[in-house]
Every structure is written in C-alpha cells, then in structure tokens.
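One structure coming up, written as structure tokens, with questions to follow.
Which chain is which? They are A, B, C and D, in the order written, and residues in each are numbered from 1.
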Amino acid sequence: MINKVVANAKEATQGVESGMTMMFGGFGLCGIPENVIQAVVASGVNQLTCISNNAGVDDFGLGFMLQTKQIKKMIASYVGENDEFERQMLSGELEVDLIPQGSLAERCRAGGAGIPAFFTPAGFGTEVAEGKEVREYNGKPHILETALTADFAFVKAWKGDEAGNLVFKGTARNFNPMMAMAGKTTVAEVEELVPAGELDPNEIHTPGIFVQRIFKGETFEKRIEQRTVRAKQ
Amino acid sequence: MALDKIGIAQRIAQELRDGWYVNLGIGIPTLVANYIPEGVNVEFQSENGILGMGPFPFEGEEDADLINAGKQTITNLPGAVYFDSATSFAMIRGQHVQLTVLGAMEVAQNGDIANWKIPNRMVKGMGGAMDLVASADNIIVAMMHTNKKGESKMLKECTLPLTGVGCVKRVVTNLAVLDIVEGGFKLIERAPGVSVDEIKNATEGNLIIEGEIPEMSL
Amino acid sequence: MINKVVANAKEATQGVESGMTMMFGGFGLCGIPENVIQAVVASGVNQLTCISNNAGVDDFGLGFMLQTKQIKKMIASYVGENDEFERQMLSGELEVDLIPQGSLAERCRAGGAGIPAFFTPAGFGTEVAEGKEVREYNGKPHILETALTADFAFVKAWKGDEAGNLVFKGTARNFNPMMAMAGKTTVAEVEELVPAGELDPNEIHTPGIFVQRIFKGETFEKRIEQRTVRAKQ
Amino acid sequence: MALDKIGIAQRIAQELRDGWYVNLGIGIPTLVANYIPEGVNVEFQSENGILGMGPFPFEGEEDADLINAGKQTITNLPGAVYFDSATSFAMIRGQHVQLTVLGAMEVAQNGDIANWKIPNRMVKGMGGAMDLVASADNIIVAMMHTNKKGESKMLKECTLPLTGVGCVKRVVTNLAVLDIVEGGFKLIERAPGVSVDEIKNATEGNLIIEGEIPEMSL
C-alpha cells in the first residue's frame, strides 16, 4: 500500500505557486475543498487559473480567493451567485472562460484519462464553438473539445483511506472524481480518514492511484446555499 | 386570463409520459414536479448528480450534501442514485433523458434559444443548458411570452447570444402552447380566456394559426 | 420509480432479431451474462455482430454461440482461449475485428455518453490505425476512434433493484457498466434482485436510467478459467 | 549461465521504485510481484479492474469474481479497489501507472514491439497491450533473447504486425539487460556467466557496447 497521508491543509498545498492552474471540486458550495481553499488563500499565491464549475459566493468557497484577487482567470460553467465575480469580470480585471457544464466535466475526465480531444454536440452554433472544429456525426453537428488538466486538483470527499481511495456522499460527488483524475498533483480533503482496508473495495468512487495527498479536513462548515424545506405535516 | 408560473408548470406536467426520465431546469420547470399526472411514473434527474429526486426536506432535515442543480436542499426517493458530473452528462448527451424542460430569455421561430448571457450586463453562464439543448430530442421551454416591458420573447431571430440552435420543440408560456414547425411558431393551445389576437400581438415571430385553437384544460 | 423487472431471461431477450448488434459484458468468463447467453442461443437468431472483450471458451459463455454459428462478426480485444473461434476465424467463416482493450472500453462508454469520436494514442502505427485519422497532441500521435453502440447490451451484475440500479462485485464489473450505457435496450441479469430503496444510492455503480430490463438469473455457474491457488501454510 | 524466467523476473523487480503503480503482463511479468525489494511499496494494477492485487488465494478460497488479466484467481490487499474497464484504461492512458512490464515476440532496435499476432497462424488479439505500450512512459519488456530455433528476437526491424512503435525503453532477457537508445540496443548488463560475444551472436539488431559490461547481481 502506498501511503498518501499528510498532516493538514498547509502540508497538502506545499508546492503551490503563482501562475499555476488549479482545479477545485464542488457544485455551488456542495462538496468543495473548504480547508484547502483557506490554505491557498493563506499561501498568498496569485495569478492563478482556477477551474471549477462555480466560483463560490461572495464570502465562501472560491469567493475568498476572488476577494484577495488571487485569481487571474476563471474557467467555469455558472457563476451567477457572486457579485464580486460579476464586478471583476465586467470591469475586465478577471478573465473568464465559460463553458458548458457537461463539456467541463468531460474535458476534466479526458485530461485524466489520456484522451486529448473528443467531439460533443454541446455548444454548436454558439459562442462556445468559435474557432473550434465542427464535424457531423449521425446527422448532427459536433464540436471538437480538448482535455483539461491542472498543476493541482483539489477535491473533497466524505471518507478516504491512507491509500488515497475516496468515497463521496450524495450530490457532493459532482466534479470531484474527474478533477481528481486530471491533477498532476491531486489533493483530497476528507471528513473521515480510515486505515487502508477499511473501505469496501467495491464501494470506492475514486481509486487512490489518482490521489497524491490526503488529509482529514480541520473543519467543515458545509454551508447551504439555498435552504429549501417543507413544513412537517 | 394569462397563466401564472404554477399554471405553466401544470400545463407542462401534462406532457409527462410513463417511464420517462426528465430533467427540470431552474425556476418554473422545477415546479413541474409538483403536478405529475396520476398513474404516470417518471424520475427526475438533476444534472449535479442525482436521479430519483424527491421533494424538499422537512425543516431540520436539510443535508448540505444533497442539493439539486438550483443549489436547493432536496431529498431522494426509493430507487434514487447519486453519480458524478461526467456520468450525469453522459446520461444527457447520450439521450437517456427523455424530456428536458428549461427556461429561456428568448426563443426564435426556428427553435433557437437564448438563456445564458446579456452582453456587458449579465453573464451568469450556461451551466448545463447548452449540453441539455444540444442533446435532448424533446425540449420544452417554460417562459413568459413577453418581458416586463411587454416586448415579445417569441422572436423571428434571437438577439441575445445563443444557447442552442434549432433545438426547441415546444414552448409553454403564460399565454399559449406553441410548437416550432417549418415556418414559425404553430399555435396549439390558448391559456384560458386568452384570445388568439392577444397571442398574435405578443408574438414577434411568425405565428401559424390553423383552424380553431382550443383552450388549455388544466 | 420506473419498474424494469421482467420474469426471466426469455422475457428479457424479447425482440432480439437476426442481424442485430449485441454487446456482452464480462472479462474472460468473469461477469458474463450466462442466463441471457442461453436465451439467445435458444432464440435461434443468427448473423449477429457481437461486441465482447473475449469470446468465451469452447464450451461456455459466447463459445456456445460460436458452436451454433449464430455469430457473423465478432468485435473483441482478446480471443486466445477458444479453439473453435480460431478455427472459424482462420477459415474465414467468422469476421473478426480485434481492437485494443482500452479503446473497446472507451468506445462503448462514448457510445453511451453521446461522444461520437475521440482521440487515443492506442494502436498508432499498427494495423488498428489503418484508415483512421491521425493527429498529434502533446507531441504524440493519436488516432481518432468512434463510438460503439448496440441494439441490445447484455450485462451481469451482483445486485440490482427494481429501478434497474446495479452493483457489481470484484473484477466482475469490467465492461458491464460501459456496455450498459451503450445499449439501445440494456438487459441486466443479477444474482440478487431487491426492492427499490434497498441499495444505498451512494454505492450504485450503474444508474437504472441505463437499464431497460432487469431479472434475477435462473442459475449462475460462474465458471473459473484459471484456478490458481497457493497451499495453506 | 542464461537466466530462467524467475531470474528475468528477479532482475526486473530491481527496477521497481517506492510509490509506483505497476502493470504486469501475462507470463514472466506476473512473476515480478514475487520479488519486490525490501522497503519498496508498489501497487499492482490489473487492467481488468483491480488495484492492490494480492497473491493467489488459498485453496478453497477462490472467488470467480476476483481474477487478474490472465484470468487467474487472485486476492486483494488492504487498500485495494475495483473499477470498470474504462476507468482502468483511464489510469493507463492517463499515465497514472508508472511502469508497465510485458512480454513480446519481437523487439526492434528503435523500440518497436510485436506481441499479438502471427499472420495466418495465430491471432489471439492485443488485449490491453496496445493501450499499455502507447501510453506508458516506462516500458520494460521481459522475454527470451531468441526463439526456440535459436533465432534472435532482438531485431533491426520487427517482422510481425506491430503492437506499438518506438515505445520500449528497456528489455530484460535471459541473456542481458538492453536499453533502446539512438542507434540500437545498448548493452547494460550481462546475465551471470554470459559473455558479451554470446549476447552479440544472439542479437540481430545493432548492439551498442560501451566499456566494461557488468554482470547482473540478483
């Protein structure tokens, strides 16, 4: 067994540098690597290209890194929950590449899977297709999309073991598995860290081969963005 | 009288067929889940990674790890399953989802749709909408027929950046049910008490009216 | 919940026709849909194109369908365990398309995921690349491979529920999840069939949306191809 | 004396480095797992869907659902994980596996390898070999230096259909360790008691000999 355990978020983010490309798992605030984000903020690195489905909210998640202006370019599919983001984007301070959510997911998977490019129908005839090769398959136009990789991929799992194997909970899985595949160095923060052999090998979502460092997150706020409930009858 | 959002959702719910997997967008489409016809079994997919989505949780039972694509806390139903975003869009792109219902800012008479960007003013991003509209065979748009200024959103050509081209099959608005056919918007049904003239006035694109247009029954 | 349960293999294979393309999950004899294979043999359909990583052995698995000469064309990655196969292939009775195992897996996934084509390095400079487009990425030549789909995909799982959700065991998972995605009609045979809600939604490998019919297999021989053991100390 | 299969496996085991994920092909490569150097932690991947492969099971404990790529019954070690074939080759193609060891029928001095087909005589298929050799940065071939007739398998050019082009980095045979370099096979080590001349005679391709060639230490 190859042991991937490191002590904490600070140790897990050793080697991050200004100008790097970083992936952050999560959908909205669900399943984001909270502890790593704090550590990257504390590291003070900047001019980052960040790949994440969303950009957090003003005072949580990647929103922290927007406040500190550490992000030079954002690659995302939806950024509608963040005023500071919109301000920086419309003022031109922040470069933004918006891409379809499914293409984002598939491009990360492709990056991890050694597939340099693939055809998808998503975005044909829109701004997203500008400059991209178009080819017809099954009577339908498709555009050629390329793989995404990152210097660091930061993901958050529910449980993990010493070998870096990860299990996610509910819809907190989202982009985490593909980004784990696509990082040159992949860092996983987990709520529960167990010895190798404790996870059922049938129930692991992300094999440890994709994870270089794992640690038990210091704190998890797990903030809810839209608390919707119904009354008890 | 023109429909409210609930009415639009109720009308769209009539389109559901037994055995369908359905993706409901944010806003009015989400409401469709509340009006599933009797005897019709459908499962709702949310593109952030769940099939078998249930209603909102009871107060105090919210789980930060269980949300829908609108970031709302939800529950799951028996038979539900969670998956990652690549698998989710494999379902969508691979046409395993039988119906997509989503909102729009504009729809054009050739089936083009725009719903993700107003240049220099509002850029929220397309989220999963571009994948959904490019992939699904069966796309229904839920929207208001006109904007707040009373201007038509049923256009000859979209003015905003497109989300997808020639993909919309049917539009259900507060005023009417319209199908996209060769030559324009074909009027299928009127909202209760709404006249054909009202619909004509609210539609900038070519409106095709054949024979008597029935009222919706909700 | 959409109920996918059918009574048995015979009912599950309703609609199979001569000339169809069929996928069969499994690696060697591990995780193959034994009961469905018997039903397809019994149905008597022929001129089939079969997509499967292997072709069974002479007297088990797809070997049965070779004996009955129901297979016109075989698409596989490795067929070294089957004398009748080799005979039919070398005599020209059987068309054979051998493709790299990883490309086979990815082409099935692509078929299910609506990705009509993708680039892979596998097979460049070999027979496999003949007639295929070559493009360089990251300084390395890649070939364009296209998606595979099938009229029927037959898979075998350990557990399944009424909604068609599947859980696999050990290395019996192999090609089953991708083929489940790529079938116009996907049929799953399972060792254990449970009511919807009994499987943990976090632990399902194949979501029921990919499965049109599910049944509890009548019998499972689960034959072992190479029984290798060590002595107890 | 020329090495036997175990000797070849032992020599290759010396190439393992701590923290590596390793794919071992069928035949001699499989034996490498028995000779992992002290203090070196590696994990073995089998492309049919397991990481953390362990030894053969005790008699009576075989599980039909747990085999390696050679279809042999196996066990798993703590930290093991099962996955599907697409994920397995994502690991391989995505270069997450640090070392691939496989057999060959022929190797050419430019790094070409042939191991899947003898036209009109034997066609077993390439299995995962084409993906492995096209993807891995570090490929070691384990094989006999000559065939049963005594003819060299270390060639100027492969005569059989190729599995991959220019991909082999190192060959460990019963006679020698050879690296593929600009210009041919560079002789790195001799098997114990095997002379440089014996290796020269058994090598059809260009053999590069620089300085004193050390004997392997096993």
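General remarks:
As a convention for this text, a contact is a pair of C-beta atoms (placed from the backbone, for glycine too) under 8 Å apart; a residue touches a chain by one contact, two chains touch by 3 or more.
All values derive from a computational prediction rather than experimental measurement.
Within the contact network of the assembly, the step distance from chain B to chain D comes to 2. In terms of C-beta pairs in contact, the better-connected of the chain pairs A-B and A-D is A-B.
At the far end from chain A, in terms of centres built from Cα atoms, lies D. With centres set at the average Cα position, the gap from chain C to chain D is 28 Å. A straight line joining the Cα centres of chain A and chain C is 32 Å long. Averaged C-alpha coordinates give centres for chain A and chain D that are 36 Å from one another. Chain contacts: chain A has residues 106, 109, 113-115, 120-121, 168-170, 201-202 touching two or more partner chains. Counting partners per residue, chain B has 50, 82-83, 86, 89, 92-93, 135 as the residues that reach two or more other chains. Remark: the chains found to touch one another pair up as A-B, A-C, A-D, B-C, C-D.
Here chain C touches chain B in the complex through residues 1-3, 109, 111-115, 161-163, 165, 181, 195-197, 199, 201-202, 204, 207-210, going by the rule given at the top.
By the touch criterion given at the top, residues 46-50, 55-74, 82-86, 88-89, 92-93, 112, 116-117, 120, 122-131, 134-135, 161-166 of chain B touch chain A in their complex.
Against chain A, in their complex, chain D makes its touches with residues 19, 21, 41-43, 45, 50-52, 76-83, 86-87, 89-97, 135. Residues of chain A touching chain C in their complex: 106, 110, 113-121, 135, 137-138, 142, 146, 167-170, 201-203. The part of chain C that touches chain D in the complex is made up of residues 27-31, 53, 76-81, 86, 89-90, 96, 98-106, 108-109, 120-128, 158, 168-178, 205, 222-232.
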